[in-house]
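Next up: some structures, all given as structure tokens.
What follows is chain A paired twice: with chain B in the first complex and chain C in the second.
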Partner chain A sequence: MEDFQAKIIILFILLMHSSQVCFSQDSIRSLTDSSSVMIFLAEQEEVPGLAYRLVFTSPDQIKNFGADSIIDLTNNEFAISRRFDRLKDVFAWKNNFTPQDSIDSEIQFTLYEQPVNWQKTRDFLNDALAKGEISISSQVIENGSDLISMAHHVPFQSSKKNGFGFFSDLKIFMITAIIVLFVVITISMMLFMIIFKSNKNKKERLRLEYDEKIVGPLSEILFDRSREEIKSLSSEDLHSYFPAELLIKPLFKEVLIERVLSLNKTMKGDFKQKLKALFKRLEFDKLSKESLSSLKWDRVVAGLVQINEMDLTEAETEVKKLVNSSNFQIRSQAVATLLNISKSVDLSFLRDQTFPLSRWQQMNYLRIIRYLQSQKDLHLESLFESENQSIRLFGYKLVRILGRVDLVQLMVDKFDKVSETEKIEMLYTFEVIGVPVDSKLITDSLRSDNEKLIRRSALAAGQIGDESTEVALWEILPNTTSFQLRKTILKSLKSLNPTKYNSFIKVNSLTDLQEINSHLLDPLLQDV
Partner chain B sequence: MKKILIIEDDLLISSLVQFRLKKDGYETILVKDGNAGILAIDQEDPDLIITDVMIPFKNGIEIIHHARKTKPNVPIIVLSSLGEEEDIVLEAFNLGVADFVPKPFNPNELAIRIKRILK
Partner chain C sequence: MVLSALEMRDQRRKNRFADYQDIITSPIAPGVSILAPAFNEGATIVQNVKSLLSLHYGKFEVIVINDGSKDDTLAKLCDGFEMELTSYAYDYEIACNKIRGIYKSRNRSFNRLIVIDKENGGKADALNAGINVASMELMACIDVDCILSSGSITRMVRPFMEETNRKVIAVGGVIGIANNCDVQDGTVTKYRIPDSLLGRFQVIEYCRAFLMGRMAWTRINGLMLISGAFGFFRRELVVEVGGYFPKTVGEDMELVVRMRRYMEEQGQPYKVSFVPDPLCWTEVPEDEAVLSRQRNRWMRGTIETLQLHRVIKMNLKYGLMGMISYPYWSIFEKMAPVLEVMGLIYTIVLISIGDFSAFYFVALFVVLYLLSILVSSFSLLYEQIAFNNYKDKKDLNKLILTILIEPFYIHPKVVYWGLRGHWDFIKGKGGWGQMIRTGFKKSEDKKNLESTVNS
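Moving on to the complex of A and B:
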């Protein structure tokens, strides 16, 4: 590879060298092409040693010339005019007899009476310029590119000897390369899009076609065959419904699985059982299990959904491995699937999850847990032992939402050892469930520095507090600056001891206290 | 032969129901949206209408309204996954539907209900 790169670099350098690269046109003060030579000579007076003649290609052309023209007629093929010392004289003389753009004559240069071509003339002039014998005017064109000069009838000859002239101008080359690259990329992208779109359309057409081929046979199987018959269908019978050549096609299988799952959601009773039997008979359960090992997360999730819908309990072990996956979607679906399909599993597998539990996941799991808890013991209390705080908090929420009064004491026993965030959640649970707990929990929380904890404790005190909590509330009220907290405390005090509360309000003329009181007395606002 | 109009946009469900009804000897007409349903009610003269609630262009309640105006004696069965929505159920019965079958459903059970209604 390195040799190849070196060869490429060397070839590139040779190309640039042989093409006689000129990087700075502004520094040249010499004649390069026939146009610049002609323009230069047209402006010059006599150039010592250099003379000019006009050569007429056809002797017939001289018929129009006057008697004072000196023409050499020694050659029968062409005629040569007299000698001129200045090029402008040649033009002036010629214009007298032929149209300006006539091409029936050409200029012959002579150096010291010897005919020469324009290249030798150019070299002679450059030599003279270099020695300072003559000077070049700024009007001379020095552009490196050559044009055929019709008026002077000097044929074009490229100043570059070889065919690599294009590479000599780096800027042009780079721009051309970029444009070509852009065009190639554009064409490639367009081709790619066309092919991609065409494949996608083809896939959609096939899906519709397979859909039509599936609907009829699927309906027949479900109505004509019993569950046992479906389980024991022979290959021949199965292929009479779904041809073998279609069943080997991945897209057909995909569409069929989608249809089976879709029907499973819409049907009930023995139809659901028949669909499950058919799913297994078609060996789609193996496909679902294989999907669990896929590297693509969407395939894994699709497999989990299929296992969940079809109650593939034999896949429990594989599903369990995914409950602690780093991918959120896989993790969520795996937990939901495991809860649904496993007869023996409880929530202890959730306890060991290391990733935080999102609110969406909690909502999802709650729906399943709420349904399952009437069927089996989920050992909800195992969540309290998790090292993951979000799991522990979820556990306390479940106690509250499911009304598990039997687990309240466990929470009370742990109360002193948990974080303030967990205490807030626990107190909320105690408040909602309405089971009186050790008042020390509430009074200690009222004396903490965490305002959220104090607020939650004050709320709980209003529902499940006693005299000691009332005393604690009265103690903290004067030092409370937060309006919300004062409102909460007063509301709880009003609930715990209305008589003392009313007396307190009567003797206190503080504006905010009176406002809070009005708020609490308003039937519409009191719960706001 | 009794003619039953099925207005349902889910191809698989409608095919399944159609299959079952054909086995029972009914002639079935299948349409996928509300506009086609209204056209079919006017042109096909069905003996029974089965309609979903959530269908394209016009919902099932509008279909029922139209059927009550043009074909007041044709019984209607509403088939819907919104079976738990009490107000829809009440509105459907107020309009005089013969039955309301929530999804998920058992097609055999549906067939028995149809047989009972058409008797």
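Moving on to the complex of A and C:
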């Protein structure tokens, strides 16, 4: 016993002073002797189930015992210390009150409160090591490649203890992340909108400010300077009206251009020419042309509007390139601009347009063509030859709206070869213009299967029909089931031959015919 | 939010270059028949019709349909506009209740006005009566008490005129809130928010639903609803599909869905467009009882329409409308109150069985609340940037406060009213339950239905 204790103490001292203690996975496969048991236990923390007590044979030590001491009263020869869960604690406690080389104590192992000898302790430890129930206390991992097997022996420690429990619960993390995301997005969007609005307000204020600075000098130029003087204005003179530091600002230029364009719309004669001269002198025509190559359609259209208003004929080539743009706004404005500035007097660029022509475009072009046709011969008939049906239809409309009676015969010549949609448009034109045409056109159309075509030709018949169309109308009347169409036919018949019409009504007692007749006779309903 | 912002941006850019004055007198512009049903509007009918007649447009007519009013609506019209009974030959192209008479004015100043007097049949029936008389290419269905701005027709007509690749079949407009606002010559000149919380809530709703919701749907051509108070349609197509269906309270939505169905079934490319400009205003109900009836009706209308056209649900044949619009309306509009209540019941069940996590509940609640605020705030800011009608800082503060309390105070009421709508639908309130349960197999079934009834 004494030898054993001496060895233990010496070994313990050595171990306490060693710098690194490594127990690799491979080095401890099993504990064999008491030394290996003691060495192993000296490095371990608590081993579940295993506890230690010191047994003292010298009664002098009794007074130093702490709580949980057990004193054997029978023979007063030894005393047992309180329980320790770690072997290193045993030695540390023992060192407090016995010389280090004292050999009057020995370690008692207890397994689940039952005293056992070192062999049983050894077996217990080997068993626990094999099952992985206890870990090997090590400071250096020698075998870095076998992480998984080593990790198996690393004691589990809950991340919650270290404050990472938050991330370990996926649901909480996801919900929190979503909330945070929402808050961030909300704040970002609001900030963006607030900044956007603030910038917009600032821009509006600047616009007003610039407009005030522009109106006065612009009026001065227009009233005090001649067109030639404006063209030859020096830079100093120009900057006396519009300061150089303002002219370099894009917003100022934008406001000035807008003001020039708006004045151009309202003014006439010499003032218009002065505005155009000023526009060029300020080199805004270059800006307008540059806009045509912008990637943003609204900038391109703005450039086209400026070219149109300022009659920048030198930009014709660039504008022509945009006539067939895929962007509706660009090609609409390009055609409108070209109509205005084009030196050539035909509508070939419009005729050759491949995209369908919308009514919006037609409305814009009509306004320009109406203005131009008094100054130029536009060769409207070229539109009849377009491969684009919408362009052809527009051509027929132009004949009607502009009252181009001279083109009616051309339309009549084409009538038989065109589609029913075009026939409807043509008949409408003939009706409005009121020029009598070959009645065969109308009578053939009355006999078609297309109700819209029949209706249009019935209406036309009432205006420009003759006896043959009247006959055709009487022929189709009995077979017409549509109330509206019957009303139209009867109205036309009344117009063509009132006598026959009245006779017909007299002898026919059908309710709807009488109702229609009353309708046609009512003076309040003449345009209904 | 992104889609509506893109659509609004494009609309505003286009407006920069549009000369609306041109449309007013252009012979190319289409004619518009304005249909205005009137029931017991004697107090304001003359003033309302005068404002309609003064709209700035070249080719239009105003057709007022007196839907069997019990007051002096017809008498006021006849006196106010020198109307006389005519011998109009009326064609019941679309079935409607009996027409008692059609009136025109002997005063040429009111030449555009036509008054139809008929037996009472409801708004849809009155509109059908008006459609039969309308002679223009487009028709505008409005509420006679709505305030229209003088340039409203020119703006609404533009989408019809612009498109070439697709046929624009209908255009919807925004219904602004006129409560507490100054109105002059048919236009709101000064915007103020309503005094009541319910009124302010409806302002927020207007921003959300019109400026954001419908703009976004228009962007992807998925709009299924145009307000019955201000909508433009192609007359020919409306007649083709059989006009309004008078047996549903959601006749406005039902017509749009049927028109879309028709175009899909015919395989023709089309578009339902939307104009976000403030062109039309109305007084919204600030009384809870009236508002609850309105929301009840809207819910029933939604359910009825979805039921009638359930064939299109998740049906590829109906394109985006069947695959996205219909499911969206079904889940987020029709079933929303039910789903919300089910969530509430589920929460109560969880609490009672002890499987309730307060943490998750609060977290989820916070998420949904933040989402609600996000959408509403964005829509309000959106209005500020796009139109900036509500300039007063105090008004804006009140609106922000309304946004914050809406989920707690008003939304539960809206859910309740929606549930009542569901319940009333199940009870069969509104009639023609069997028809609605059966649904329209094809868009033209509505015309066949009328021929069956009339035979």
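Observations on the model:
Please note the rule applied: the second predicted complex is superposed on the first by the 290 of 528 C-alpha atoms of A that agree within 3 Å, B and C clash if a C-alpha of one lies under 4 Å from a C-alpha of the other, contacts with A are read in each partner's own complex, and residues count from 1 in each chain.
Convention: a residue touches a chain if its C-beta (ideal position, glycine included) is under 8 Å from a C-beta of that chain, and two chains touch if they have at least 3 such contacts.
Computed from a predicted structure; not experimentally measured.
Once chain A of one complex is fitted onto chain A of the other, the partner contacts of A:112 are absent, as it touches neither chain B nor chain C.
Looking at the shared chain after the overlay, A:220 reaches chain B, while chain C stays out of its contact range. Once the two complexes are laid over each other on the shared chain, residue contacts for A:371 go to neither chain B nor chain C. When chain B and chain C are set side by side, the one touching more residues of chain A is C.
Contacts of A:263 after superposition: chain B is touched, whereas chain C is not reached.
Of the two partner chains, chain B is the only one touched by A:211; chain C is not.
The part of chain C that touches chain A in the complex is made up of residues 1, 13-14, 16-17, 19, 22-23, 26-30, 84, 86-91, 93, 104-106, 111, 114, 135, 158, 160-165, 359-360, 363-364, 366-367, 370-371, 373-374, 377-378, 381-382, 384-385.
By the touch criterion given at the top, residues 211, 215-216, 218-220, 222-223, 259, 262-263, 265-272 of chain A touch chain B in their complex. Across the complex, chain B meets chain A through its residues 10-13, 15-16, 19-20, 23, 81, 103-109. Touching chain C in their complex are the following residues of chain A: 171-172, 175-176, 178-179, 182-183, 185-186, 189-190, 193-194, 196-197, 200, 297-298, 301-302, 305, 328-329, 333, 355-360, 362-364, 366-367, 390, 397, 401, 483-484, 487, 512, 515-516, 518-519, 521-522, 524-525, 527-528.
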